[in-house]
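In the two complexes that follow, chain A is the common piece, with chain B as its partner first and chain C second.
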Partner chain A sequence: MLALQALHRLLMAAVTLFGVAVVVFVLLRVVPGDPVAMMIAPGASPEDVAALRARYGLDLSIPEQFLVWLGGVVTGDFGTSISLRRDVLELLSERLPATLELAVAALLVAMLVGGAVAVAGTLARRSVLGSAIDGFNGVMLAIPDFVWALALVLGLGVMVPLFPLTGRIDPTAADGFSSRFYLVESLLTLRFEVFADVASHMVMPTLALALPLAAIIARVLKASLVEAMGEDYILLARLKGMSETRLVLQEALRNAVGPTLALTGVQFTFLIGGTVIVERIFAYPGIGNMAIDAVINRDLPLIQGLVLMFGLLFILVNVAVDAAVAALNPRLRHG
Partner chain B sequence: MLTLTRRQTLALGAGGLLTGILAGHGIARAAVGDTLTIAYNVNLPSFDPTVGPSAVNPTIQAIYRSVFDQFIGQAPDLSFQPGLLTDWGWNEDRTKVWMDVREGVTWHDGSPFTPEDVVWSLERAADETTGNPIQFIWSTAGNYTIEGNRITGDVLRFEPTFFKWMAFLTGYVLPKAYYEKVGPEGFEKAPIGTGPYMVDAYEGNAFLRLKANPNYFGGKPAFETVVFKFVPDATSRVAEIESGSSDITLEVPYEEYDRLREASGLAGVATPISDIGMIFLNDIDVMEDRNVRLAAHHAIDKKAIVDRLLRGYGVPIDTLEAPEYEAFDPSITVPYDPDKAAELLAASGYSPDNPVKFTIQTTRGFKPKDYEMIQAIVGMWRKVGIEAEIEVYEIAKHYELRAADQLAPAAFYNWGNAIGDPTTSTGFAMFGPSPHSVWDTDDLDGMIGPLWGEPDEEKRISGWKAVSKYIAENGYVIPLLQYVQPVVYKADLAVTPNVSGALEPTLVSRS
Partner chain C sequence: MADAGLDAAGARAAPRRRSRTGAALLAEPKVLVGGGFILLLVLVALFAPWIAPKDPLEQDLMLGTLPPVGFAGTEPGYLLGTDDLGRDVLSRIVFGARVALTVAFVAASLAALIGTVLGLAAGWFGGRVDAAISRLVEIWMAFPPVLLSILLVAILGAGLHSVIAAIVIIDWTRFCRVVRAETMAQARMDYVTAARTVGFPGFTILTREVLPNVAPVLLALVSLEMGIAVIVEAILSFVGLSVSSDTPTWGGMIAQGRQIVHHGWWVLAFPLLVLTLTVLAFNMLGDGLRRALDPVMRR
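Now for the complex of A and B:
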């Protein structure tokens, strides 16, 4: 049964990825912006232009181009980036760790902040403070990540320069890594000074990504908590003399967290999408920043690889969230 | 014995982490001293300066020039100077080229630089299979022979700008033996040159760290370490310099430039560079009418645009030749004259009540105030009887349309020409067969055609001036302005502005 479910999941993932591949491939060839037109030398003849087109395989029909590309992808060859002149898969594997570390850090911060705001809002739900928390959360919800990014640049980067503004690590200290997971590796190898440097570079982009998500989590979790607080088992616990804080944290939270977790999973995929603009503002070298350059340069192989990578991430996150929700909910776990 | 509760332990841990993170920022600050940190406006996509799209990106040349040397050097005022070649020229009848190669130069790996490196670099650049975008220039000479430190070659097709290109895009000397040993991919991972700085560390979209080349033939550079931080967002670059995280930056909004250069501890320099803004006219529809073209030009108050939109940072121009270019002729002018514009339009039956209509395309945010400039121009046009509809497009779309000769009747664009030769400005922009031109008329092509291979330099330059005059008289293009590049830096630095726009670390020193 479990094997069948896994097979079904795998099949659906493959179909989804294929659909993503078809859509992105066709779209890129339909939207304006010919990559060859951006590379034509001043004195190029029509023959030179044709040769350039053939060099990148753009002289073939769209179905032929797709089949060539798909054949490569299936065998692990995502092609060569036009602008960076390097293997696309190699580039993705170099940049993905930076984005993953950032996205996971943002998710953790969002869960902590969102959870704390939700609990505080639930505890103060019938007071002025509760209304104030709701109002504050509403404002947080309305501010998008790139506005947070610019506000943080101004606040924590210029006015009170506590954290580095750009990059992932101090360029003068960026040596001695065996992987691209700088934060994790520096921690595991006990290089605390380097860890602190990497972490300090992550503070502002992490907050920019985390704060809007935290507001969403806070709103959904608080609604679930308030609903749970009206349940009979909470009333029973209250009659037994349990404090309000314990009621929320020990009783209501366990039941309220399910829907929030499912939503957080969906929002996490949006958060990964949000890295594109936030990484650009903070010059953070992840796949989001690379994606903007790829689009500007009409680097078709790289854009295709990036979109597939984003698609794969979305699928994996959704699978992980489904598994987590099932693990937390016995009714789902046992069908 | 001290005992900690779980809550105290967590608080201590969080406090320690926060202290560490804040202290971590201290590392970045402590490195400033022998290190010059540049908040740079573009990413470095590839190290090979001779192939691929990045090889023809003028903005990246400052980085390439830090690591590699060009065949021929170029001073900040665009004049040519000895580089890896100390002398060069043609023979009397222009059938041979000769070059004297600098002696005593070493590559970053310590191996000697030789004339073989120069010949190999030239032949590789001329080989169409290697993908050099300027191959059409490099292939005009060949059959090189070496005698001592002198290289001689045959002129296969006389190209007057052959040596000028040696100081321009893709005109770099690469190490023959090293490149053949490590291959293109190995070279990308560990590039070496003869330049003032050596590649120390690189992370795409993040930074490039260079260290001084102690054996540089031009003397040891001023800074032990140079860091190019790739910060494409202008707001972030402003923040970088304002917070002290970077020592120097460029291409910030003019409003910010004016504010920052007045700030304590900062200074600024704004210099006209070899980059111009222009409106391409396509020889279609109403643009076939000379009166309409000239009226469109006369109706634009370029000075007002520079003063009001660009805060004075720009130089109005009337031809595609900026004042620093070789074929610049100050006598060619197309003055702002709205009355004349109205008269010209009236002669063709147009007026504010019966305006001539066409589309003008522009980018938005690609160059400073590009969209706003076109908005202002459309407003000026409206007063004399031109109703232009603005169509915003991405720069990639512009390239596609231009290559297919499908631009709208009018299209805003910018054009760089760091060697200041008329072929690389007026020539490629206006010669019909060029893939970068959308004006295709026999009269102009007939004037330009013979100039491509003109061996008499004086005659060639005067020929191009005549072309500029003819273009102005017929309104085949609307040159707008020469851009000014703002550079902001810490006040204890001295910066020599570069007309080419390349912010080279060798032009920065401690004051």
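Now for the complex of A and C:
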């Protein structure tokens, strides 16, 4: 039953992804603005322009172009980027690891910070400190990643310059990697100096992405925790003499984490979307930063590849969250 | 006849209800603080030419990157300093409020209008109408909003109209989802059944009975959306896809400040501060409206 449900959701997601691909493809082609005109030198002959259009398949009709593109995607050929003149799939696989490391790091930090605030707020729920935490968190909820990123630029980049403002790695340290997962690989190969360099580049973009999500997690988890603390099993454990901290961490947390987890999944997709502007602000070389350039340059093959990549990430996150929620909830597991 | 009787009763009850709502609004500190700040900002935007101490476009390279008052090397008359082209930061923030608020009010209202109409339809008619609209919302939301807005503006061409259109096209779903759920809940209430029994046509019940009850949630949502719209405009200005660069915008100033942050932090800091306060104010107002107008929460 559960497997069938998952299959159904996966199928619906695939349909949605296909729909998005069609819409983007058509939209990008009916608008004025010729990508070829933007890349060719002024004074080129009409024959040159026509030859270039033919090379990128832009001389075909829109349905024909779509079929050619779709046929390519199915066989792993995403076309050639017009502005960077390189294979789209190659570009994506070069940039994706940077974004993945950033997004996952931000997710972990958000869960850690949000969880800690929720637990602290639950323990202090009847005191002034508790209301202070709630009030502070309420303000945090309203501040988006864009504002965080720029505030961090000012605070930790300029006023107290602790971390590098741009990039992902010191260029002199970028050699000798066999993958593009710099953070993970440098840790696994025990190159701690390189690891520290990559990590310090990631601190600010990670925080900018993590803090809005942390605020959401803190609020939802705290609400569930406070509710759980009123249950009978907590009363029983309290009568047995268990400390409040252990009550929250060992008893309530396990039962309260479900709704937060489901919500975190949805919010994680927003976080991935947020990488677009945050990567831009820190000149971080991920797919988000590349997406802005691709759009500005009207690089059709690259935009399509990026849209598909983002869509795929969203679907994978949703499937993973569904699985995690089901695994943690015994009622769903056996139901 | 029944109509006239009901209307008369309604008219008698209305003023008292209205004054009570007004009192509840004024008793809510979040409405006062958030709303007060927004009101102030609206006045600043309206009277920008009289409030701004300088011409926001006037460049003077001799007076480039002057620090704000209180730091070494300031010139009198430039309270918050100047940018690298010698333009007065304070005056540009004052004029930037015009673009920010225009986008906030127009985009949020249009998104609310479209979302409310579709949400009411989905919640009221249910069945296939609901299924079609809900599926549309789902497809819409499968897209990262920032990427979609940049994509839309790139397609529509940079400019104020495109920014507003992009926000409306993306964010109507927020209203649609909430209004749909709220309409569904209201449609099951006894007063709707009563109105049906009396013989009111469906459209009348929807607009005169259901809509006013959905309004508090809707109003709070509009306020939140205005905050979102201000941010989206700033992001698009930051990327260089909003209004042309000779119109001062907070996002444009922030982008400029980001580039010269090492020797002119104030060009980034002050617009960012105003942007943040504006977003917080819209959020507070929305939160306050929800508390003040929701009879359950009021009690």
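We take it that the second predicted complex is superposed on the first by the 306 of 335 C-alpha atoms of A that agree within 3 Å, B and C clash if a C-alpha of one lies under 4 Å from a C-alpha of the other, contacts with A are read in each partner's own complex, and residues count from 1 in each chain.
Quick note on the criterion: a residue touches a chain if its C-beta (ideal position, glycine included) is under 8 Å from a C-beta of that chain, and two chains touch if they have at least 3 such contacts.
These figures come from a predicted structure and were not determined experimentally.
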Should A:296 be classified as contacting the first partner (chain B), the second (chain C), both, or neither?
both
Name the contact category of A:188: first (chain B only), second (chain C only), both, or neither.
neither
Name the contact category of A:198: first (chain B only), second (chain C only), both, or neither.
first
Should A:280 be classified as contacting the first partner (chain B), the second (chain C), both, or neither?
both
With both complexes superposed on chain A, which partner does A:154 reach: first (chain B), second (chain C), both or neither?
both
So which one touches more of the residues on chain A, chain B or chain C?
B
Check whether A:44 is in contact with chain B, with chain C, with both or with neither, and answer first, second, both or neither.
first
With both complexes overlaid on chain A, does A:311 touch chain B (first), chain C (second), both or neither?
second
Thinking of the overlay built on chain A, is A:171 touched by chain B (first), by chain C (second), by both, or by neither?
first
First, second, both or neither for A:20, with chain B first and chain C second:
second
Which chain A residues come up in both lists, the one for chain B and the one for chain C?
150, 153-154, 157-158, 165, 280-281, 292, 296, 298
Chain C-touching residues of chain A, taken from the complex the two chains share:
13, 16-17, 19-20, 24, 27-28, 31, 138-139, 141-144, 146-147, 150-151, 153-154, 157-159, 165, 269-270, 272-274, 276-277, 280-281, 288, 291-292, 295-296, 298, 303, 306-307, 310-311, 314
Of chain B, residues touching chain A in the complex
17, 20-25, 27-28, 31, 35, 37, 39, 43, 45-46, 48, 51-54, 56, 128, 131, 133-137, 184-185, 188, 201, 203-207, 209, 225, 227, 229-233, 235-236, 239-240, 242-245, 393-397, 399-400, 402-404, 424, 428, 433-436
Per the contact definition, I'd like the list of chain A residues that touch chain B in the complex.
32-45, 48-49, 51, 55, 82-86, 91, 94-95, 150, 153-154, 157-158, 161-175, 192-193, 195-201, 203, 280-286, 289-290, 292-293, 296-298
Can you list the residues on chain C that touch chain A in the complex?
138-139, 142-147, 150-151, 154-156, 227, 231, 234-235, 238-241, 254, 258, 261-262, 265, 268-269, 272, 275-276, 279-280, 283, 287
